[in-house]
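Have a look at these structures, which come just after this line.
One chain, chain A, links the two complexes that follow: it is found with chain B in the first and with chain C in the second.
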Partner chain A sequence: HFWTDSSPAGCSHVNGYKVDNWRQNLRVIYQCFVWSGTAETRRRKAKSCICHMCGAHLNRLHSCLYCVFFGCFTKKHIHEHAKNKRHNLAIDLLYGGIYCFVCQDYIYDKDMEQIAKEEQRKVFGLLSDCSVSVHSTGIGEKYTTWEPTKRELELFRHNPKRRKITTNCTIGLRGLINLGNTCFMNCIVQALTHTPLLRDFFLSDRHKCEMQSNSCLVCEMSQLFQEFYSGHRSPHIPFRLLHLVWTHARHLAGYEQQDAHEFLIAALDVLHRHYDNGKKTNNPNHCNCIIDQIFTGGLQSDVTCQVCHGVSTTIDPFWDISLDLPGSPTPFWPLSPGGDGSTVNGENHLSGSTTLTDCLRRFTRPEHLGSNAKIKCGGCHSYQESTKQLTMKKLPIVACFHLKRFEHSAKLRRKITTYVSFPLELDMTPFMASSKESRVNGQYQQSVDVLNNDNKYSLFAVVNHQGTLESGHYTSFIRQHKDQWFKCDDAIITKASIKDVLDSEGYLLFYHKQFLEYE
Partner chain B sequence: MNKEARLKATINQKLTETGERERLKELLRAKLTECGWKDQMKAQCKEVIKEKGLEHVTVEDLVVEITPKGRALVPDSVKKELLQRIRAFLTQHAS
Partner chain C sequence: MKMEEMPLSSPDNTKLEALMHDIYSELVEDACLGLCFEVHRAVKQGYFFLGEPDQESMKEFEIVDQPGVDIFGQVFNQWKNKECECPNCNRLIAASRFAPHLEKCLGMGRNSSRIASRRLARNNMSKSESDQEDNDDLNDNDWSYGAEKKAKKRRSDKVF
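And now, the complex of A and B:
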């Protein structure tokens, strides 16, 4: 009951101030001394905003509203002025709040608040083109606290039931009925509904559908989030989702067991396509849909000519990183224990076991392309042998690692069950294009820059496959709140320990960036 | 004003004139929100309001109660980063 639809608490003592041209005077005070937007006002503020009694610029400086006087609040210099001159109103130069010395508290007069808001908004627009890219939520406005509209207040009153999210509540968890070998779809749905940014996007109703038919997968995804967060504990039956998937990704239709990784890519692809109802086809490289914002990273490929050492670089978008495992036909070079990187990520280094970091190191190693695969070198103007190296140019907010366990070579089809240990927290810095460059220049430092949190990730979902290629079953582990893990086996959800998760075989690993930078 | 106070005032003037003060404030706001400090302070404020009673509590009560806690709870990494930024700025504008 903090909010009422009457005006915020003002006081009658402002009436003495609200005469003549008071609005314009107040605006000038805000523009010059509180939120100085131009170089001129800033210079004036720098020079004149000091306490008239002691010269200090800190100590919660206030300006008298009735005359030109600046005084410290902390040292009570403004209070003295108010008493002596009987000027009962002052403004806080830090936050713009109005203080009434009669009420002895800050007051919130509706008219004055309105002026304050307008002046603040003006200045924030001017700050936008500065070098520090600190903006708001990206909608182009400064972050302000939410205040309900009349309609929203009505809705609140007519719907008195409230849901409180405590640390151990299970909202967002729901089982999924298996509709006939659809566990490959169920485990991906679990991973997606527990992707924090995706969840926030859909629960804030950010999708405005322009598709005429009922076949928008983004709408269905939105519905799915509503189902998961409804509080219903009975398992959900995703028949509509399955039908839409069959419609839009024909290669996945049918009741046979499909590959969960293929389903993930197909689902992301359809969501990405449906997002703007195909409008983006005009500009596929500059899509700003939620899928691209969350999942798209940039993979840099450097091909170095062995003769002239010229480098040809391309950057391709990716939604996932597929990693080869030891035991696959292509040779895997296990790195010596204690090699750089794996201790950084604190992985479970049982003697001889492969770690995710090993796989990533292998993925980003320079590879000699051999004499059968010569590349035409732009520098040499002829075909030369070269090395190729992959590194991460741009990291996605959610990184999905696909451990290539299913081998479909000409000779045989089999599943590679080698245990790969993966960490709870992952630092991608060693695999970045920028790290590679500084290594090449001899500047690579082993110690990770403490302040650079950009490349740190936390595990939040794991998809596992049990069984063989012919008959198998998919389950997933997902993370709820900060430290709680649950195992999702179609309709059955059980609590799991971190050990259960980290000991599992791992097929698809979902990591989320720990720190998000503003655009 | 003694020498130290004059130095502080000069630095403050330069920061304000160039708009760097506002940029640093926005950066600090973002960092303190990210690390959950802002939510911690909000929770502390709620405690104080409960204690004093909604009808009687003043902004001053809140300021007095949570300022020391707020100062103590700022993460070292945030302090480090801001200091680095200020140092970089001063180096740039040294005269």
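And now, the complex of A and C:
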């Protein structure tokens, strides 16, 4: 199969058009009537682009290439014009495609497409063209779809093997060798490699490293994604990752049994630091690295003076939310009155069992700070008793909830194994700072706003700990392809059911925002 | 109906709704048309076939859901002999014992400082004493609570 020079996608009928100043004429048509980039051209297009026969401005309007005539395609008015005037070429004003009435099909001519592409890019502000003043409309199309060259097409035809990631595909899943009680690290790696935004970031090669040595953790993370998508079946040995994390987070190494949550925070911290290639950003609060974009939320703390009711507000960044459980030294109950809020998130509410929503309600309840903890009130100019309340000011794209199961107080070290049920879908609206006013006696008065999707989250990874404080084992469940779940037990990856996941004890819960807004 | 002629301030909601419906239908149609053009172009330019799945490869990467094997169809626990090269000392270490090795190799952790301080003290010891110390060092290679308890027990059984 050999391609000739004249592309079969084009046609010979354009040769009659390609005379004299045709390039400039075509450019004008694209600038004025197809890719209208300025307010002025848009206005002109809206007013003048109507069918010369029926006055409609919809119906797939086309412009004749040989004269000033607009005709709709649907009602065949442009076809009539083509026949009567023997003008055999027209252009679709919506997408800029060229239609040949002799071939009776849209044709793709290399020269004409080149002009179309250039004019389009000018409109999106990419090429500088002094004669065209361009407003940035924000609908940037900085990237064009990849198209194979003729040579590449040839190669593809001769090499028919393809790797396509479908729903029943193992690509993207891989086991991890336990390097000696490193199951805590393996679980965090599984959660991170299955975080959709993080995966997309690394697979589109967005990290350009400028670090001199081989010690960039972000590069290693990128390499991890390559390993997971390589199609290899044997488990990966994450020894380089362990080495990098321990050399950059020395405080971690040295405990016999490590905590998965601690590892997560340390890993995120090192990734965040390395993102700017080791350069210190001037303002650590305004870092725009991928870690901050995905994981950083804002926690609002409001302290209300009981005397003058003045409120002092601070907002702190967070990467995770640590939640107390019933059975911990500080009393879990009584919650704010209102009984079970299980209908808010549709969790398995076996009577008496704690839900994630319960934990979040407790976390965001107003807490009366006793007479031993008086705050200096700016309004009263004296020390007064106050209440403190935590709420979410800004939700991260990935919300990680840490159930505080491990107690390391001076008196005892133990694990709290209370079952906490957590939902597949979570609505964070009741816990937002903006929802505070809607609380009556601490119970959120929920006016169900079905259309507001901003605060809806989906579970995508669960890290579990089995066993006791002294000897235990971490495993994880991760979600792939929307509704498939897999259990990751170091080197062994097996299919799991949603029931397996929701019945598990739960230590770290990873939720991903369902709907992402453009910035 | 020409757009300029539409009195938008009309209290008649049906006209407004009809207009909204027209615009909405047009937008949906435009989006569908865009997709048609994409496919049309791909077919005409000859690269539409690239999206076709390759049955052989799809079978190769199909998820297995059987008891006793993982999703790749592999039996559990066959990965005992994996090795890796330590980035610090470049020695070849068994993968399942890499973490305790690295802890000592990097000189971190309470085990390492204990060994290091003992080695310093050893330089002032006699040979027989240092032999006993060597045995203890070997026990430190097993980095888990179980083995540590065994080592402690053994030490208390020694007769000096």
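Convention: the second predicted complex is superposed on the first by the 456 of 519 C-alpha atoms of A that agree within 3 Å, B and C clash if a C-alpha of one lies under 4 Å from a C-alpha of the other, contacts with A are read in each partner's own complex, and residues count from 1 in each chain.
As a working rule, a contact is a pair of C-beta atoms (placed from the backbone, for glycine too) under 8 Å apart; a residue touches a chain by one contact, two chains touch by 3 or more.
The structure displayed is predicted, hence computed values, not measured ones.
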item: Contacts of A:L242 with chain B and chain C, given as first, second, both or neither; value: second
item: Residue contacts on chain A - larger count, chain B or chain C; value: C
item: First (chain B), second (chain C), both or neither touched by A:G55; value: both
item: Which superposed partner A:R250 touches (first chain B, second chain C, both, neither); value: second
item: Touching partner for A:K45 - first (chain B), second (chain C), both, neither; value: first
item: Touching partner for A:V28 - first (chain B), second (chain C), both, neither; value: neither
item: Partner chain(s) touched by A:A373 [first = chain B, second = chain C, both, neither]; value: neither
item: Touched partner set for A:L179, first chain B, second chain C, both or neither; value: second
item: Which superposed partner A:A491 touches (first chain B, second chain C, both, neither); value: second
item: Touched partner set for A:V102, first chain B, second chain C, both or neither; value: neither
item: Doubly contacted chain A residues - partners chain C and chain B; value: 55, 57-58, 97, 106
item: Of chain A, residues touching chain B in the complex; value: 36, 39, 42-43, 45-47, 49-50, 55-58, 97, 104-106, 127, 130-132, 134, 450-451, 515-516, 518
item: Footprint of chain A on chain B - complex, ascending; value: 1, 5, 8-9, 12-14, 16-19, 22-23, 26-27, 29-30, 34, 58-60, 77, 80-81, 84
item: Footprint of chain C on chain A - complex, ascending; value: 3, 7-9, 55, 57-58, 60, 94-95, 97, 106-108, 147-148, 153, 156-157, 160-164, 166, 168-171, 173, 175, 177-182, 231, 233-235, 237, 239-240, 242-243, 246-247, 250, 253-256, 470-471, 486, 491-495
item: Residues of chain C touching chain A in the complex; value: 2-3, 22, 26, 30, 33-34, 37, 40-41, 44-47, 49-50, 52-54, 56-58, 61-63, 65, 70-72, 74, 76-77, 79, 82, 84, 86-88, 95-103, 106, 108-110, 112, 143-146
